[in-house]
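Here the chain labels run A, B, C and D in written order, and each chain numbers its own residues starting at 1.
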Amino acid sequence: MSHYYRLVVSCPDRRGIVARVSGFIAGHGGSITEASQHSDLEAGRFFMRYEILTDSIGMTAGELKEAFEPVAREFDMDWALRDTRRRPRVVILASRESHCLVDLLYRWTAGELEGDIVGVISNHDDMRSMVEWHGLPYHHVPVGDDKSAAFDEVERHVEALEADSVVLARYMQILPPRICQRYAGRVINIHHSFLPSFAGARPYHQAHSRGVKLIGATCHYVTEELDAGPIIEQDIHRVSHCHTPQDLVRFGRDVEKAVLARGLRWHLEDRVLIHGNKTVVFA
Amino acid sequence: MSHYYRLVVSCPDRRGIVARVSGFIAGHGGSITEASQHSDLEAGRFFMRYEILTDSIGMTAGELKEAFEPVAREFDMDWALRDTRRRPRVVILASRESHCLVDLLYRWTAGELEGDIVGVISNHDDMRSMVEWHGLPYHHVPVGDDKSAAFDEVERHVEALEADSVVLARYMQILPPRICQRYAGRVINIHHSFLPSFAGARPYHQAHSRGVKLIGATCHYVTEELDAGPIIEQDIHRVSHCHTPQDLVRFGRDVEKAVLARGLRWHLEDRVLIHGNKTVVFA
Amino acid sequence: MSHYYRLVVSCPDRRGIVARVSGFIAGHGGSITEASQHSDLEAGRFFMRYEILTDSIGMTAGELKEAFEPVAREFDMDWALRDTRRRPRVVILASRESHCLVDLLYRWTAGELEGDIVGVISNHDDMRSMVEWHGLPYHHVPVGDDKSAAFDEVERHVEALEADSVVLARYMQILPPRICQRYAGRVINIHHSFLPSFAGARPYHQAHSRGVKLIGATCHYVTEELDAGPIIEQDIHRVSHCHTPQDLVRFGRDVEKAVLARGLRWHLEDRVLIHGNKTVVFA
Amino acid sequence: MSHYYRLVVSCPDRRGIVARVSGFIAGHGGSITEASQHSDLEAGRFFMRYEILTDSIGMTAGELKEAFEPVAREFDMDWALRDTRRRPRVVILASRESHCLVDLLYRWTAGELEGDIVGVISNHDDMRSMVEWHGLPYHHVPVGDDKSAAFDEVERHVEALEADSVVLARYMQILPPRICQRYAGRVINIHHSFLPSFAGARPYHQAHSRGVKLIGATCHYVTEELDAGPIIEQDIHRVSHCHTPQDLVRFGRDVEKAVLARGLRWHLEDRVLIHGNKTVVFA
């Protein structure tokens, strides 16, 4: 299996960025295997993502970063360089509805995710044996009246697990602003509606009573405002008058699993760049 | 080409409805070629639609209605019987964006619609020659400051054209309550978003600034409340960060055409039953 | 939870079938909660499926069958009546690729299937602990040079498990004609292509080298002719030049899981009626 | 409206191509507004497409080509540079089924295509007045027993119309090898099935008798081998046992229109690069 340096850049758009960056990499003998770029003409901003074969460059990630620093400064870049040999660590927060959790565990086991699930935190104890069967720690943190204490405990677990990213796999609890800020751009939620329709509680029931003909799910980054963060991915499922709210819930599970899995996969592969309240997704 | 009596029923749900209705039809020698039914368990309401070969019944529509009347009373039915030899008359209201109008004209010409377009009313004169090329009258009714006078004229044209149904093919004007009430359940609109997201003006621009990954269109019956009537059909198109609002508009046109055409087709085939703010669609 | 008698009928099309059958049920006080029917005009054949609330009929399944027998004879029906209190028993045959197996186990656990998985047979031992974690027997039957002996053993296990239906969840082995015949209409396979394209081996590689822009999966009944049995369900996933055969395999897994789950679900709910080499699916 | 130089390149993959090309453009002050690239690792081939703002470069297309020639030679490139101020000329070949023709005429009128339809050739005279209403020449060339003479006449018209590209909009005739070769990579066909399923005649009837649950359409370049050329785009529509071959034909029309329109649009925007029997589509 090959390893890569992944360079992700966002900066004010102007001429010569690609020439400068690709020239820099070619100058160090780097072999680019995947390149994506996007100019947001409205915002005047440029986004790019390069995958560079690690072996083609005779430098460590640290050395390469240092060498790139002047280029980044010249173009006023927000940027990151990641070495894929260090796999990101993912903590999953789950609740009773376990379909997304089980789906992610399977995908991780099957090698579909470029990262490692390192632990599960849940406000219920139901999924303990399934999670432990996968060799993972399971932390049961009930969320009762003292939410503040519960979320302090959640945060301690996330920290102790050295999470790079946190996934709310139908967690059904609203994270306190402190955690949202601390892990900004690294907490992914799956909302069970086609946002911005039906934000908030019981979206399938809302959808059913509005009589929509499609239901959906939305994977997005969590921000302090509920269900309003940058959208990573969405998909839908066709429904009809035949279907009860329970059918919608069942169809919804499949859409949620698929949408969350795609969103997380892209996030872990550094394909999602946040800009304001929107995302650029180099899928 | 075969002709049908189309029986459409909605009534309180109870045992024996199907047996009673199908027994009635069998008793008159009727041959049912298509049958659909639905029980809304929540609302306790039953819906059905039968297509009966006209030739299999030795009665006129009027005689058949009279014979069915006691059955209908027994089960407290809302019902209609339509003879497909009388094709419904459709008037299209359009504006500058002509894709839906052109699409419907083509489908009518190609024999895809079970009804006849009998005239077009528009607040612009742009599409006159295209419409007249199809042999149809074109009424240019500008909607300026005196909206009331304009809509009086629109209503007179609709009436003179003996419209059974009215289609707002991206008409971009809000019909006055009087017309909505008069033609309740017979005015179909295409809204260029996935309702209830982005009701109101410029939905594609709203969608673009929210950063959604899917855009949609919604075909619905017009009620007095803007963009809130019973939904007939919806569909979506995938978009990404690459796409400008103009791209969304372009993709949207294709979705709008398809969704409106399906919605209108079903409406003309008596496949859409309205119940409160929802529809049963026997597609 | 309510229970039902499910009546499934296929017979030569003629007038009065619905009236006769619904009259029969109404005559026994039966309450029909779901009804589907279809006339195949080309083949001159009629298909129907009724769900009748068990409690609304004061008869056992046996008594009801006996009472219905004369009606069935009158119309020359192929028919079945099933009592949903007896849940069908499903045996899964699997191999190394475990995504479909894991998916079905989860859906069973989550209550999505109207039947019970009662055992798993595999030509590899890999999935034993996962299957046993679900409390199910796991039979490892390697298929080596003596295929005949192996399939005799498979058949013995299927028999001992009292299987009503058998699912080939990416089993990758061709069942011998004897098993196909014995379990005709009860063995469901998932083929990893959009049949009839790319029948046979390595369909994703075939698809990749043909340069198609969509890949698919097909759930079908197994017949003696490879990949040619009646199709129950199909779906697709969009691909592009960016994707390697490995990507196609990964996308394909998701399509396969979804398509097989839908197909099996409909089969277990008696929604699939086979007619020649085609199916009527009352989904 | 902005104009662009469009640079499209395919060459053996090696390090430094992007740096060299983007450096070349930056060196001439060029502003790249859209860039796409793809490495086919299997084939060892690299593909790229740049849109360069014409105004940002103080050179004519001819001068720019001359300046680029040494770079192209250095990397052994197949390449083209197009000035979008010269709009490509499209000739449509049509037959009786007119949905694709009408759809393309509308899209052209609506400004959706980056090229101009300059004439229509048909083996029937039916669509003359519609085409002439659009101000276009219509050539009626019946294809009878002497096919060779007919296609000589078709070719003369295509030539006289100075066609850059030819679209077979459900033309239903097989082009002779000479025309296929002469316009290689510039003749686009819409086939009414999901190729490679159901190549040849009456694909919807083939699909109906196989009992598939999805029908499709395929837009591809025409080669001498029937229905086997490089695929540009495909899409599908869901069908069920309810649908007759006529329904499939009707659904198919919508898929065909959409797929052909997308394929042609991408072709005219130089987004489709042919490689062997496959395409790279920078959509």
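Just so it is clear, a residue touches a chain if its C-beta (ideal position, glycine included) is under 8 Å from a C-beta of that chain, and two chains touch if they have at least 3 such contacts.
Source: prediction; values computed, not measured.
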A-B or A-D - the one linked by more C-beta pairs in contact: A-B
Between chain B and chain A, distance of the C-alpha-averaged centres to the nearest whole Å: 41
Rounded Å distance, chain A centre to chain D centre (Cα mean): 37
Two or more partner chains touched - positions in chain D: 41
Category of the chain touch graph - line, ring, star, complete, other: complete
Chain B to chain D touching residues, read off their complex: 98-99, 102-103, 106, 110, 112, 129-130, 133, 250, 253-254, 258
Chain A to chain B touching residues, read off their complex: 38, 40-42, 194-198, 210-214, 216, 230-236, 240-242, 244, 277-281, 283
Touch list for chain A against partner chain D, complex: 15-16, 18-20, 22-23, 25-27, 29-35, 37, 39, 41, 56
